[in-house]
Every structure is written in structure tokens, then in C-alpha cells.
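Both of the next two complexes hold chain A, though its partner changes from chain B to chain C.
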Partner chain A sequence: MIQRYRASAGIMLAPAVTLIGIFILLPMLLTIWLSFQDWSTQTPFSSASFIGLDNFREIFGPTSVGRDFKGALTNTVIYTALSVILILPLSVAFGLMVYQHDVAGGTALRTVLFSTYMVPMIAVALVWSKLYSPSEGPLNQMLGLFGIGPQPWLSSPRSALISIVFLNVWQQVGYFTVLAIAGLTQISGSLYEAAKLDGASRFEQFRFITLPLMRRTLLFSAVIAIINAVQVFEPVALITQGGPVGSTNVLTYHIRRVGIERAQGGLGSAMAVMLMLSLIVVVCALFALANRKDVE
Partner chain B sequence: MSAGSSSRLPRNCPSRREALLATLMLAVAVTSAFPLVWMVLSSLKTPAESMQVPPVWIPRAPSLDAYEKVSGVVNVGRSMWNSLVIASITTAGILVTSMMAGYAFAKYHFPGRSLLFSVLIATMFLPPIVTLIPLYRLVGSIGLNASLAGIIVPNLANAFGIFLMRQFISGVPDDLIDAARMDGASELLILYKIVAPSVAPAIAALALFAFVYHWNSYLWPLTVLQGNADAYPIVISLSRLLSYNRGAVNTGLVMAGATLAVLPPLILFVLLQRFFVDSIVGSAIKG
Partner chain C sequence: MSLAWTSKLALAASLAILPATGWAQSVNISYLTHWSPETVALLEAAAKDYAKTNPDVSVTVRAVPFGDLLTTLRSQGGGSDGPTIGGIYDLWLPELARDKLVAPAPDAVANEVKGAWPAGVTSAASVGGKLYGIPNEIDVYALNYNKALFKQAGIAAAPKTWNEFKEAAKKLTNKDAGRQGFGMINSWAAGVVHPFASLLVSNGGELVKDGKPALDSPQTAETFQLYEDLIKSGASVPAMATADANTTGPFLDNFVSGKTGMIIMANWWESALKTGMGDRFADIATAPIPVGPSGDKPHSISYSWMTVVDANAGAAEQKAAWDFLAWLNNPKSGKNGASAMSDILMSMGILPSRISDIEAHKDKLGSEFLSGYVSVLADAKPFPVVPGGQEFSESLQQTLEALQYGQVSAKDAQATAQADATSILERAAK
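And now, the complex of A and B:
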């Protein structure tokens, strides 16, 4: 019997494992290997020649390659931090609205919030580049109603990156709201009843029951939000092309430009490896932080 | 855990509190819906209306002219068909590979199971850009670049689907499966006839996610197609409209294109939302 199921396990796993192995795991290993090679993306892998850490020296060096990469890294860090800082509190606030409310409006609000997550980025880019238009854009027209002067949005290096953050928060916050709601449903109602009997205020209930018990959900949301944020590509490729003056040149866009468009496969791979390492460090740090609080 | 009304926060001052909350919720919903509502309204305006100052928010005589004009700029039919082919085949593949692997991880004991599962799940957290450069070369070297197959084949299996299916198939009683084995049913038949119907809502949810994700996906198709416009999915062909986005005269045209791209995933979401909610609530209760 056992033998038979062992064979079945092999058959059941073969398609998924083969596909993921060839199209995700193998390329990941190749990326690491290529980061130590001098290699043009237009040539076969066999033409790569080992150059040690030269690619890494170059992307952190003083030349234009290094300046562009360090700029993209900085932009990505800022972009990711801003996204997480905006998305997490909003998702909890919206989650509480949907979950606490006893009337039908909660479900409707969840539907509206989540529907933006289904919208393809090309539509988001087409719509938001118009909304943000400095002269005839609806956003500046509405600000005008409140006596606020027109904002440059995407056309100024000072505000372009944050404008793209807003656009992404608008699109993704519904997804994180659903995660928050799933976390809220796990909290036992009896805890709130007991706290109320002890005279805890609404804010105290939130501070000492909801927030601590949401920590695992928030950790998961933070990890997903970070991984989503470093992937930002379409709004940059479609609207700003990394500009103005490099202010929205983020890593995914920059790595594709170097590794695919300029065919500098070795350099691009070294950048991709740095991205992967940074992600691992950040995610491990987050988990360590969460576990330390668990012990307290 | 009690997931019903008993677990909601107790209310102390219902009427005022609810009025405030309702107002806030309305404000959030309006803000969230505004860009898409504005998109649809703008797509129905005439060029004259688009250029009017102060702006016209709601078109007086809604017209579909802009939609006709989109077909003059973008090959809508062809691109929509490409998107449909890409998203459908990819989704079908993901359903099959995820159910098979999910079943194996949920119901078989074999050496290295948890290690293999961890390695597969780790790929869920890998941003696609990390593998993009070698994958581009790899797919080119097996002759699949610049084709629909090149978009589809690398995406026929993914860790999220396996994870979701394992979660739900774990909840299918072993007795049910053992009884079918006693009757001499093959493992694939059991998966198809016994397991799949038991986890139908989760399959619907996965199908929705996969279809929408691959309908919307941009980075990989753009990279692998190398400018072969015949194979462009709708989200790539519509990027041509961005060059029409200067000045107000073509706003209707651009928004009509955006609306066309939004409709299929949004319709699917509205139709299948129930399954999606079921599976989220289900997984929350199973915890």
C-alpha cells in the first residue's frame, strides 16, 4: 500500500515540481551564478565568463552604473517604506469599519475597496495619469474647490514618487483590508465582553486586545506589502519612465532596463541578487522583531 | 472560534456612533470608487464635453463614439482574444497542477515532504524580477519567445495555488478517500470525483485569482514578446493610448480603452465574489 502511494505522490507532484523547478528555481540559481559573470543577455549562458565580484563593485561604484543603481535602491526603499506606512493603518481602519458595522454597508464597502485590486495596471495608469494632470486633471480641480493651489504631482521630482505611492495604495488597500478582516474574525468576542465589564474604553479595547491579537496578521500583511512594493513596475514603465530626473527609477524597472533592454545580463543579475538579499534581511528582521515581542 | 455577530465589538451608543461610522464608510467608498466612476463617465463624453471649463462631471448625452475610436487605434478584438487565451489556459494549468500537488501534500506521507513544501512555498515570496533575466534567455533558448506559448508555459504552476489547495484538501475527511480506494478507484479519479467537488469554492476562488492575475499581468508578456504586436494582450496594446493622454481632447478615447481593459476582470469578480468570500471565511474559521 505505502509503495503504491509513494508512486502516486510522485505522479501528483511531477507537473508542479517540474514547472516550478525549471521556470522559477533554475532561473533563480542562474541569476546568482550570472551575478559573478561577464555576460550579455543576447548570448547563450555558455558564453559567460567568470569575473568574481566585479559586477558588485561596479553597481556600488562611483560610475554612472553605480549612481543609477544606488538611486534606484534608495527610491525603492522610500517607496516601500511609504507604502507600508500608509497601507497597514488604513487596512486596519477599513477592516474595523467593515467588520464592526452591523448593517449591510460593510459588505458593500469591502466590495468597493477590493474591486480596485482587480483593475489592470494599464487602466490605473491611464486613469491616474489623467487624474494627476496639472492643468486639466480632476484632482487639482477638486483641490481648487478647497482653495489649494495646483500640485505638480507626477511632473516634479519632489512629488512624483509619492504620487505613484498614492496610486498603488489606492489599488492595493482593499486586498490588505480583506486580510485585516480575516485577522479580526479570529479574535474571540468574549475578550471584548470581559474588557467591557472591567470598564475598558473603546480605545483601550483596541490598544490592548485588537492590536496585540492582530500582530500576526499585521506581520503577514507587512511582508506581503513589502514584497508587492519592490515589484512596482507598470506605473513607472507606463507613466514616468523612471523620471523626472530619475526620481521614480525603482529597482524592478531599472533591473529590466539594464538586464533586458541594454542586455547587460551580468550587471542586471548582480542587482537582482542585491534585491533578493535585501528582501531576505528585511523580512528576517521583521520576524525577529515580532518574535522578540512574543517573548516579552 | 465564534465568527458570528457575538464576536463583534459591543456597542455603547448605537445611533450617534453608527451615523458617524456610516458617514466615514461612505466617504471611504466614494474616494475608492471615484477614479473608476470618473473613468466610465469620461468614456461616455464627447470631445467637446471633455474640454469644457469648468469640467462637466456627468455627460449630458452619453455616447459610445469613443469606444469605436479605440478600435481605430488598438486592435481590440485581437488583443482581447490573446488575453483570453493567455488567462484561460494559464488558469486551467494552474488548477490542474495545484490540485494534484495540493492533494499530494495534504494526503500522502513521503520522505522530504515538508522540505519540498517549504522550498516551493518560498518561491511565492520571490519577486519575478529576480528570475526575469535568465528566464527570458531560457524561454528564448527553447524557442518560445515572442509567442503566446512563451507567456503561458512558465506560469502553468505556482506556489500560491499549491498552498491554497493543500489548505482546503486537508479538510476533506480521509474516510471519504479511503472508501473510494476500497472501491478500487484510481488516485486521479478520486481527486477528480471526490476531492474536487468537496473543495469547489476554493477552486473557484483560485480560478478567479489566477485568471485576473494573468489577464492583468504586464512585465513578463512585455519582456518575452519582444515587440511582436500580433501576440499582445489587451493590457499591452492599450499602452499606445498613453500617447493620446496629453490635452483633454482625447480623454474620452483614453478612458474608453481603460474601461475595456477593466471590464472582464471586474465582471468576473462580481460574478464569483461569493466563492471568494466563502473561501476566505472558510479558511478563517478553519484557522
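And now, the complex of A and C:
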């Protein structure tokens, strides 16, 4: 009986497992295999030759290859950390504002917030590159009204990456606000009523009811925000081309440059493997932290 | 006549005309370029003219930003559906030929090119003695300066030496007005490296000698030092130097709005200057690159562009592509003995490289702006076309940008540039 049950379960799972194997696992395994090969992306896989850990030594080495990779990895970490740190609190704040039943125009605000997520990146890039223009950009003109001098924004290695982060936060915060609202709807109103009867202030309600009960939503949001941020590509390709001085050269853009423009498939694959490993470690650490809190 | 007989007759007629339709089958070829919409319209018009005598060939033109051109060629050129023709920068050719993405030119085309183009341009379109592309444009760098700003600053003539150049940059700089004396460029490899290389060759140095990097020379040290001096004195402001993926952006905006006194740029940006400046374009003049303390006379860097054919396209598409390119670059396809290609290039202020085209356009090439470029062409040195050239260029770009933003000293920048170039060119040569 159990054997028949297992057989039928296997048959039912087979299509999904096969598709996952072909379209997800196989490319991942191929990338890992290529990371140990010397291979040009313009030649067949059969021309790849095994070179052991040389690609990994190169990307962590002292030459320009290593320096550029480490710079791109650092930029990606900073970009991801800043994006998550800004997006999550803002999405909760906006979510709380929009979720208030007694606030007029809540639905309209929700629509406006989400609309930024629907604007194509090419349009966002065009508009923001002009907003950031050091000489004629509206941002500098507005700062001028408050007596603040013109800022270099995308023209300085100190501020270029942060400027791209702002653009990302502007575009993504609406989507994460919707997620936050979904989390808020899961919290029973009776808890707030009970807290009010016990004399809890608004802040205490937020601190001891809203935040703990939104932990799972925030964990999901954090994971999605991290994955989105790590995959940043379009604003860099469209606006800064990784510059100035490589300050916005993030890993996805750098892998494209190495793997496609320079056709160094082995090196590009080694970089992609490191990116994948970093992402797995961060996401696992996040889940482990959340599970530990649950146990406590 | 019964329905059965009608059907049989129709089938027989269809079979009879089948070979004829086979002969008349059209060939579709595509042309990938980074040109602006206005220039693409001119190319499309030329393709229409070609279709009048070659109705079976259909040419579609596709444009991508310069920053995406190589990636598009590499990612789509491997398949038979990729662009049949691509306009490429000569620096990319050795690696595209090595990876068998571009097809060698047929003998007839190769012989025509060898007879009608200067030898240096033909060699930049060849790898291992085989010609891979039909050269079309040649670009050379010169000093552009704003005559109105020169007059305001009391500078009588364009600087001829580095000392005069530094002095002029200092006089032109006005921090309160947000004006810099000399405009550098960043965030765009050629925009960063070519002006530096032009100053280097005008100081008697070279980027690459006999296939090996030559950035450890005293001439290179002096050129890095010149950059450091310009930055430290405030005569060059790196925040005003940014370029975007379309090779426009603040560096261009600052020059057209009179916030940059001098800049080293190639002739092709004439159309961008005219568009941005309107009547004030008359204020812009061209002069040779100032000569450094170790140089003998003005030199600059030149590079060329060519059209190549996808090696993975079908035989019919490849033949149609070479035929179209041969027509496009032929002196009979344009006006007054010029090729249609040269007419398109001249609309952007780009110098054509075919000898007969230079003759046909001599009136326009004598304009105040372009004649300055034509005059420096004879002493220009081609940018080194070597395997790994693009990576070498991007690496030097990073080092120069680090110097621009004060992250490294001139001495450290030189050491880093030489070490990086050595490792890149050695790896690429393997």
C-alpha cells in the first residue's frame, strides 16, 4: 500500500521535478562546472579546459581582475544593505499610514505608492539621470532654495552609489508597502482593543503588537528586497556604466562585462558562483535568526 | 470544368511556378549600429536606394547605445538570427575574429579595400593578414577650445606646449562661475583613455610598444603628472566630467554651456556640439594637441570603425551583406563621387577613410572645425589594436579616474597602470 502511494506520488511530482531540474538546477550546475574551466563564452562547452581553482584565485587576487571583482562585491553589499535598511522601515511606515481606516484618501495613496513599481526602469533611469544633473537638475535647484550648494550626485564616487540606492528605494517602496499592508491585515483588531483597555500608548501598541506579529512579513520582505537589490543591473547599465571610478560597478553589471563583453566565461562563472553563495549564506542566516527568535 | 479538374490545374500551376518563386525569394539582412535616430534615417534611406536595383534584398537597421554595442554583437552574433552586419570599433576586431564571430571579406571586397583605403586603415581592419571589415570612418583627437572664453581670459592663441596649456587652463578657470579650464571625461573608457593617450603621444610616449605595455616610461610619468597638476590646481573638475551610456552627459553639457574652456575630443562630436550650441558653435575652434616637454611635435590618437559581417549568418545573407556594403562604400552610391556611407558620416562631422571620399568631401572637410582635425591626421598614431585591448582600455580608465578623483598619486597610478596592462595583455596573448 505504502509502495503504491509512493509510486503515485513520484509520478505526480515527476513533471514539476523534471522542469525544475532542467530550467533551474542544470544551469546552476553548469555555472558551477564552468567556474572551474578556462572557457570563452563564444566557443562550445567542449572547448572548456579544467583549470581547478585558478578562476577563484584570480578574482580574489591582487591584479585588476581581482580588484574589480572585490570592488563590485563591496558595492553590491553596500547597495543591498542600504536598500534594505531604507526600504523596510519606510514600507512599514507607509503601510501604517495607508492602513489607517480613518485616513481619507488611503486607497489613492496606496495606488500612488504602488505606481512607482509599475514604471519601466528605462523611464525611471531617464528621469532620474536628469533629476540628478549637477548643472540643471531640479534636485540641486531645490537644494539651492534652502541655501545648500549643488551636490555632485552621480558625478562623484562618494555619492554615485547612494544616488542609485535612492532611485531603487523610490521605485521599490510601493511594492513593499503593499506587502506590509498584507501583514497588517493579519493582525486581529481585538489585540489592539485589549491593549487600549490596558492603557497601552500608540507606540507601545506598535512596539509590542504590530512589530512582533509582522515578523514573518518583514522576513519575507527582507529576503525579497535582498534578492532584488543583489540583482540590480538596469540603473547602472543605463545611467552610470559602473562609474565613476567603478563606484557603481555592481556584480551583475561586472559579470556581464567580463562574461559577455570580454567573453571570459570561466571568470564570469566564478564570479556568479560567488554571488550565488553569498546570497545563499545571507538568506540562510536571516532565516536562522528568525527561527531562533521564534524558539525564544 | 469540374471542381476536381480545377484543383488539379491549380496544383500543376503552383508546381510550375515554384522554382521561379524560389529564385525571387527575398533575403533579409540586418544592420546593427550605435548611430542616432537622424543618422539611422539616412542609412535607411540609402538601403531604400539600394533596394531599387536590388529588390530581393531587404535591409533593416537596428540601433543600440554605444555602451551596448559590443554586448549585443557578442550575445546575438553567435546565432544565425543575429545582426548580419555590425558597425564595430577596430579595438574589438582581434577578439571578434578570434571567436569566429565575424567573417573574412570575400577576395573581391578585400582587393577593392586594399586599393582604395590607406594602408594603416586597412591593417586595422585585418587580423593575421585577412581583411574582416570594410573601413568607413576614421576619428582623430584634437584640442577643442572656446574662443569667446579665451578672449575673456585674455588668451591670444591656442596653447602649443604643455606649459602654455597649463597656463591657459589656469586663466580660464573661474570657480565662482562654475567654470573649469580643461575638461576631462570619466565613466566612458574611450573618453577617458583617448585624450590621455593623445597627450602621451604628443609627449613622445606610447601606450603599447611591440605588443607590450609601455606605461613605465618617463614620458608616461610626465603625462600622469600633468593630470595630477590639473586636478590639484582646480583647473579640471572631475565632477564636471561624467559621461553616460550614449557618450553624452555632463562633460558635453559643460562644454556646450561654456563652463569648460578646453577639452580633447574626436571629430565625430561635431554634430553633438552643433545641436547643443546652435549659433554659438562658431565660438569653437580646433587646434593640435599641445606638445609635452619630451615631445617633438604635436601628435594625437586615431582609431577607425568598420562594418563586419556575421560569420554565423547563412551563405545567402553573408553574400547579400557584402554586396550591400560594397555598394554602400562605392563612390557611385553617393553624391558627387562620394560613397553613400561617406555622405552619412559627413552628416555627423565624421571623417571618411576611403581616399576618394576624402577628395569628394574636401570642401566640407575644409570647415574651420574639421580642418583642424584633418591637419593632425598625418601625425596621428593609431590606438593599439591588440588582443585584450578593450580590457586594457577599461583598466587604464579605472586608474585614470582614480587619479582624477585624487584616490591615487600620479606615481602610484603609473605603477598600477603598467602592472595591470602587463597582466591583461599577457593573459590575452595566451
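In this section, the second predicted complex is superposed on the first by the 268 of 296 C-alpha atoms of A that agree within 3 Å, B and C clash if a C-alpha of one lies under 4 Å from a C-alpha of the other, contacts with A are read in each partner's own complex, and residues count from 1 in each chain.
Here, a residue touches a chain if its C-beta (ideal position, glycine included) is under 8 Å from a C-beta of that chain, and two chains touch if they have at least 3 such contacts.
Since we're looking at a predicted model, the values are computed, not measured.
Contact with chain C, but none with chain B, is seen for A:Pro157 once the two complexes are overlaid on the shared chain.
In the superposed model, A:Ser64 makes contact with chain C only, not with chain B.
Look at A:Gln241: by the touch rule set out above, it reaches chain C but stays clear of chain B.
For chain A, the partner with contacts to more residues, out of chain B and chain C, is B.
In the superposition on chain A, no contact is made by A:Asn140 with either chain B or chain C.
In the superposition on chain A, A:Thr41 makes contact with both chain B and chain C. Of the two partner chains placed by the overlay, only chain C lies in contact with A:Arg262; chain B stays clear of it. Using the contact criterion defined above for the overlaid structures, shared-chain residue A:Phe23 touches chain B, although it does not reach chain C. Legend: residue contacts after superposition of the two complexes on their common chain; A:Ser188 is shown touching chain B, with no touch to chain C. After overlaying the two complexes on the shared chain, residue contacts for A:Gln100 are found with chain B alone; chain C is out of touch.
Chain A residues 41, 129, 133, 136, 237-239, 256, 260 lie at the interface with chain B in one structure and with chain C in the other. Note for the complex: chain C touches chain A at residues 67-68, 70-71, 74-75, 78, 95, 99-101, 178, 186-188, 238-245, 250, 253-254, 257, 259, 390-391, 394-395, 398, 401-402, 404-405, 407, 419-420, 423-424. By the touch rule above, chain B contacts chain A in their complex via residues 1-3, 5-12, 18, 21-22, 24-26, 28-29, 32-33, 35-36, 38-39, 42, 53-55, 96-98, 100-101, 103-104, 108-110, 116, 119-120, 123, 125-138, 141, 153-159, 162, 187-188, 191, 212, 215-216, 218-219, 222-223, 234-236, 238-239, 241-242, 245, 247-248, 251, 254-255, 257-259, 261-262, 265-266, 268-270, 273, 280-281, 283-285, 287. Across the complex, chain A meets chain B through its residues 5-6, 8-9, 11-13, 15-17, 19-20, 22-28, 30-31, 34, 41, 44-45, 94, 97, 99-103, 105-106, 108-109, 111-116, 118-131, 133, 136, 138, 141, 170, 173-174, 178, 181-182, 185-190, 192-193, 196, 202, 205, 223, 227, 230-231, 233-234, 237-239, 251-252, 255-256, 259-260, 265, 268-269, 272-273, 275-276, 279, 283. Across the interface of their complex, chain C is touched by residues 40-43, 63-65, 68, 129, 133-136, 152, 154-157, 237-246, 256-257, 260-263 of chain A.
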